[in-house]
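Shown below is the structure under consideration.
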Amino acid sequence: SPATAQEGLHCASGETYIMNVMVSGHPYWVPVYQGFKQAAEAFGCTTVFSGTPDYDITKQIASFEQDMVKQPAGILVHPMQSDPFIEPINRAISDGTQVVTFAADSPKSNRSAYITSDNLAEAKFAAEEIVKQIGETGQYAVLENPGQSNHDLRVTALIDYMQQHYPGMELVGRQATNQDSTAAYRATASILQANPELGAIWIPEAGSAEGAVAAILEAKSDVLVMHADITPATLEHIKAGNIHMALNPNQGMQGFMGFMATFMAAHSEVFDPFNDYRTSGYNPVQIPFIDNGFAVITKDNADSFDLNTYMQGRDPA
Amino acid sequence: MENSIELTAAAKQGSNPVKKFLRIRETGLILIILALFVAMSFASPYFLTWVNMRAMVMAFAVEGIVVVGMTILLISGGIDLSVGSVTALAMVIAGSLFLAGVDPWLASLVAIAACTGIGAFMGFFVTRIGLHHFIVSLAVMVIARGACLLFTGGRPLGLFSLPPEFKFIGQGSIGPVPLVIIVFLVVVLCFDFMLRRSTAFRKVFYTGSNEKAAAYSGIRTKRVIFLTTTLCSALCGIAGIIYMARFGSAQPTFGLGMELNVIAAAVIGGASLNGGSGTIFGAILGAALLSVVSSSLALLDVSVYWQDIIRGSILLTAVSIDHYLNKKRDAGGKA
Amino acid sequence: MENSIELTAAAKQGSNPVKKFLRIRETGLILIILALFVAMSFASPYFLTWVNMRAMVMAFAVEGIVVVGMTILLISGGIDLSVGSVTALAMVIAGSLFLAGVDPWLASLVAIAACTGIGAFMGFFVTRIGLHHFIVSLAVMVIARGACLLFTGGRPLGLFSLPPEFKFIGQGSIGPVPLVIIVFLVVVLCFDFMLRRSTAFRKVFYTGSNEKAAAYSGIRTKRVIFLTTTLCSALCGIAGIIYMARFGSAQPTFGLGMELNVIAAAVIGGASLNGGSGTIFGAILGAALLSVVSSSLALLDVSVYWQDIIRGSILLTAVSIDHYLNKKRDAGGKA
Amino acid sequence: MHDDVILKISNVSKSFGPVRALRGVDFELRRGEIHALAGENGAGKSTLMNIIDGILQPDGGEILWEGQPVRIASPNAAQELGIGLVHQEIALCPDISVAENMFMAVTNRSRRFLMDVGSLKQRARAVLGQLCDIDPGAIVRDLPISHQQLVEIAKALTLDCKVLILDEPTAALTEREAQTLFGIMRRLSAQGISIIYISHRMVEIFDNCDRVSVFRDGQYITTAPISEITPSGVVNAMVGREIGTLYPPKQAADTRTEEVIFEVRNLTETTRFKDVSFALRRGEILGIAGLIGSGRSEIVKGICRLEGDVSGEVLLDGKPLQLRHYGDSIAAGLVYLSEDRKGDGLFLERSIAENVSALDLRHVSSAAGLIETDREIELARSLGAKLNLKYGRLSDPVSSLSGGNQQKVAIGKMLSVNPRLIFLDEPTRGVDVGAKSEIHRILRELASEGVGTVVISSELPELIGLCDRVLVVREGRIAGEVAGDRMTEENIMRLASGLEAAPQPTLNA
């Protein structure tokens, strides 16, 4: 049973928190889980990394339900889709497992908190940076990944922002590359061909950025490349000046705050807020939205973003 | 093996129920799944719980309906790579229409009809133009996925406002058993029975086994192939609607890679990629095996970095054992 | 005698180079690609530039090496779904070893050897255990992807520090022509020639055409299938190393879905999924067609939401036209 | 027009590209007659039958059914008229049981929703029972080719037809099954059913048929009542020239030697045969006889290591051979011509030239292992000429040839290497008389050149006419041997069916 206020906040023995994701082999989760685990260790809690290796909503729901069978104190979940998770999340909560979402939300469920990067803020920052570098009139292009909401948002928000604030910026290329570097190579090469005046390209993830840079280098073009997320290869390109800048969501903070929100929800007895939550049957620790922020990666600070270096000596599980 | 009549014959010969069981083609798979169950119930106290069982069945029940269509298509000598995108398209069409104010039942009918139309379109290219199923369904896979993107702008449709009686299809239960599972079982049992016994479906076996011989016997093989192709897409449409009711949303990227899973299930269950053999029962066991393995790995908290390796190895081992048992049984049956 | 008269007549027809060209199986594809080229050069002034041509070839050159392996495997009657993950595994193995301090050339050799080993492993299961290529390569696809995750912890490897002479494989040029394209052309020409002329590869055709008849001609068909399976994986290994040198990174998720693309290229180019027929030249034209369509859509900045629909439709149309032309040619050649 | 004419073909033509398979042929079938169709390989017999059965559509001409012009658009339409066809090439579904295969057409037309499995098997057993003992529940894939042929025949007997077409049904049958079949044919014709019977065996035609029509090169030549024509008359009409004696002379007494070139000792396979020993002398042609399923093919395949788990000794020129697989056999000079040309013998979708050279590509390749297309074509051309092969182009797929011509390609493939020992399993199956005697002549030549020649045949007259000595196999053992005067159909049949104590073998190792 949860500790009381007098004993301070820490876990009872065996108190477990689970982080559940889709495509669980994806490196994005690695620092998130590290943050989750570091916070948990501070409170003496056990953590489990779970989910499905597949990009498959049915499988993720099955794994979430299997997590529930183990009656953990809380689950930090990245719901692959929002609505399908409403019922499982609510069932978990009514069975005594607290649920917090991260990076993607299920707003109509009873989850007690949602931690995410502000994709709109990222897009706005990227737009301002592009304009700062190439001026208020010019051509730009985007690569995208239709169907994946955060990537979608990063792209559409940037386009909207440009339209509203910098009408002189012309969108000349918009290609779907779906995180595939070969597809990105092909698309970028064609965009470069069709638009010799291209000034900048915005890419919502790093896999496509690798292919795009290869095409730009081959064409000996000096297009300004900006992308979100980071891989070791794009990091090297930043250091070499081939990529201008990357925006990376603060994954560690996402996991850290994700744990805190879940843990606090499971230990809500320490908190008696000035509202009706307790009497209306809600968990008192309700946080609609936590922004984990993002980092701006340039030549100067690139060394701090090598995930392989970061993970040396750390247990990924 | 693939043959109902054989099965009945075997059943009649084997007055001894154990021998009878050992002569059924699916026995190997059943034994392998049972072995997994025994191992898992020792390995995890959560495995043999009702909730876990339900979760495991729910994880493949709707896809199981697609497996039925694929198996029949494989038996007739075809293949369909478009199942994932056609399923997604059914969700997207029904969802978009519903959001545009159309009655959800009508919208679902339209969506299923559209999928059936897609199947007929593929069937046309295969039987009239003479292209191979593989390439036609690959092109349609791309086209249907594109249509999903086009209809939704790439964004998932939230369909929370679907009326409860509609959502009941996907979320309701009759007693403790989810309706989805009941629908799945009904579809499986019906088609399994018909495939073994009905004159219409026996023609599917004849066509797949030797199209020329079937044609010489007066069977209109092109029509058979056209119909199995259409049926498979229609079942994708139905599966899409059930998914939509279950999830209360329509995702344009739904079902990526589903085709390989579905074909694998059918092949593990004894369907031949060259046509002429296969059973629904076996294919569903194949789907169950794949699902149980995935679920078990998740339940045991096996490291993600090991999961794929273990999953692939179990698949390979299971198929090898099954193959070995079948060979032995066949040899034994003849000796 | 009648026969010889018939034959000389045919031989005489062939003296006209246009007619000779029309009798080649790949003519249909060439004409379709040419038509696309003509249309595109009107649609975009950038299309027919050297830089664009180079970029278009670069976009499929490395995958083209895998297409060669797949075509040979298809001819022998097999199929390989694991090409994408095995290619990724080559990158990952070589990349990890390099980061661990191994000489990059040695690391590459080890990686290619490992891929060859995987091919041999699949060949073993197919020829000795008797499983179908489809299911074996599906399992290996999962296992190899798992191995990629395991070796990298799911994280891409940055290999910027590869020595320049190694990167030259992927990024260098000889004169105006990138080395990648040269390697690709050499591989294609060699294998195309051997497949047409060498006795060893002729056995691949016999085996795929009728395995039993091949065995009754003294061909050790299992060995042939084992070798084609191994060759395909070995070529994936080579492709993986070239990709690594080209992108300066190793992504564990590289090549997802590559198998369908590669098989589609071979099938468009005339390879039969039932074995026994296909040409390298045709398969490469198939890959080129797919690539040119994608590049053209990007060049014309067609809306993302329409691209898949257009791409799928062009694919279907092209294959239908090609099929029609071939049918006509077969009939015409005889008339 | 004869009142009793049920089917009349007039002026029907059909071309496949440059090949004019039928050029304005006429044909007339009377009610209740057994009408033989004769013609060389590729004369167009099967093509005409396929037109009658609705599988092919004629380019021109007219079909009259019971006096009415009809268009037979599909096999289904043919069945509705009452036409049944036993195909020259076996057309069964390999994955399906015998019973279901037999009733495929019935199932197709059935209005019932469910199969009646029980009655299906019962009816299948009843029909099969007239012919042989095959389990109606067996899967067709598991049956040997001769049994498949019987199923194919049984399948046609299940049709309720007015015209039954049998396209070389006896090619893979032994005398006994063939006689059973003739009995059934006569009974059917007595019931008023008309039968078209295609065969290259003159004896069968003259023993069982009422009239015979002859085709040559896609043209109709003549029709005559059997009583008004002689076998040589038919052959003459078929070939357009005289054919000399049917069989080449046997080994001359003065060239006979006791020199054994090949010997098998105690060859045993786990289930199929046991303790098989025999020897082959220089210059002789050895025949192997036996009933269907007696194990003739199995023994020879065992020698060549084509299948089975075989033990025992095999000696060539007195030296024991270490054979592990068929490749070793070929290397040692032992080649085998399969009885199942479609399944094991040919690459149907590959070209004629590629088929002919498949057995040993070294004959058509350079030292570097590169195939020289000119040599390959030349090889196929010369063998084709030798065997009177009828084809369009050597680059055409084998599937475009008539059945008999496909068989010639399979034989050409064997002859393309220079074998030391050649096993031929039903070598002249479906081959016309002219080509047959040519093949016999070639075999005799090979034998006298010292090539060991072993012929398995279900056609006893062929064995007797061609061979110097015949081994008889029964139930996987050598039941005896006949030579010289003792080589009669009766003696062979007795040994094969185990009716009488075997005469002492004259030579055995």
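By written order: A, B, C and D. Residues from 1 in each chain.
Going forward, contacts are C-beta pairs under 8 Å (C-beta built on N, C-alpha and C of every residue); 3 or more make two chains touch, one makes a residue touch a chain.
Keep in mind the model is a prediction, meaning the values are calculated, not measured.
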Which chains are shared contacts of chain C and chain D? B
Name whichever of A-C and A-B has more C-beta pairs touching across its two chains. A-C
Expressed in whole Å, how far the mean CA point of chain B lies from that of chain C is 30
Separation of chain A from chain C, taking each centre as the mean of its C-alpha atoms, in whole Å: 36
Just curious, how far off is chain D from chain B if you go by their C-alpha centres, in Å? 44
Which residue numbers or ranges of chain B touch two or more of the other chains? 149, 153-154, 257, 304-305, 307-308
Can you list the residues of chain A that touch 2 or more other chains? 25, 146, 316
For the chain B and chain D complex, residues of the former touching the latter: 1-6, 8-9, 197-200, 202-203, 205-206, 208-210, 212-220, 272, 276-277, 334-335
Residue positions on chain C within touch of chain A in the complex are 44, 46-47, 49, 51-52, 54-56, 58-59, 62-63, 99, 149, 153-160, 171, 178, 246-249, 251-254, 256-257, 291, 294-296, 298-301, 303-305, 307
Contact set on chain A toward chain B in their complex: 24-25, 48-59, 61-63, 65-66, 68-70, 81-84, 86-87, 108, 146-149, 152, 316-317
Seen from chain A, its contact residues with chain C in the complex are 25-27, 29-30, 144, 146, 172-176, 179-183, 185-187, 189-194, 206-207, 210-211, 214-215, 217-219, 231-233, 235-237, 239-240, 306-308, 311, 316
So, in the complex, the side of chain C touching chain B is made of residues 81, 125, 129-132, 134-136, 138-147, 149-150, 153-154, 257, 260, 263-264, 267-268, 273-274, 304-313, 315-316, 319-320, 323-324, 327
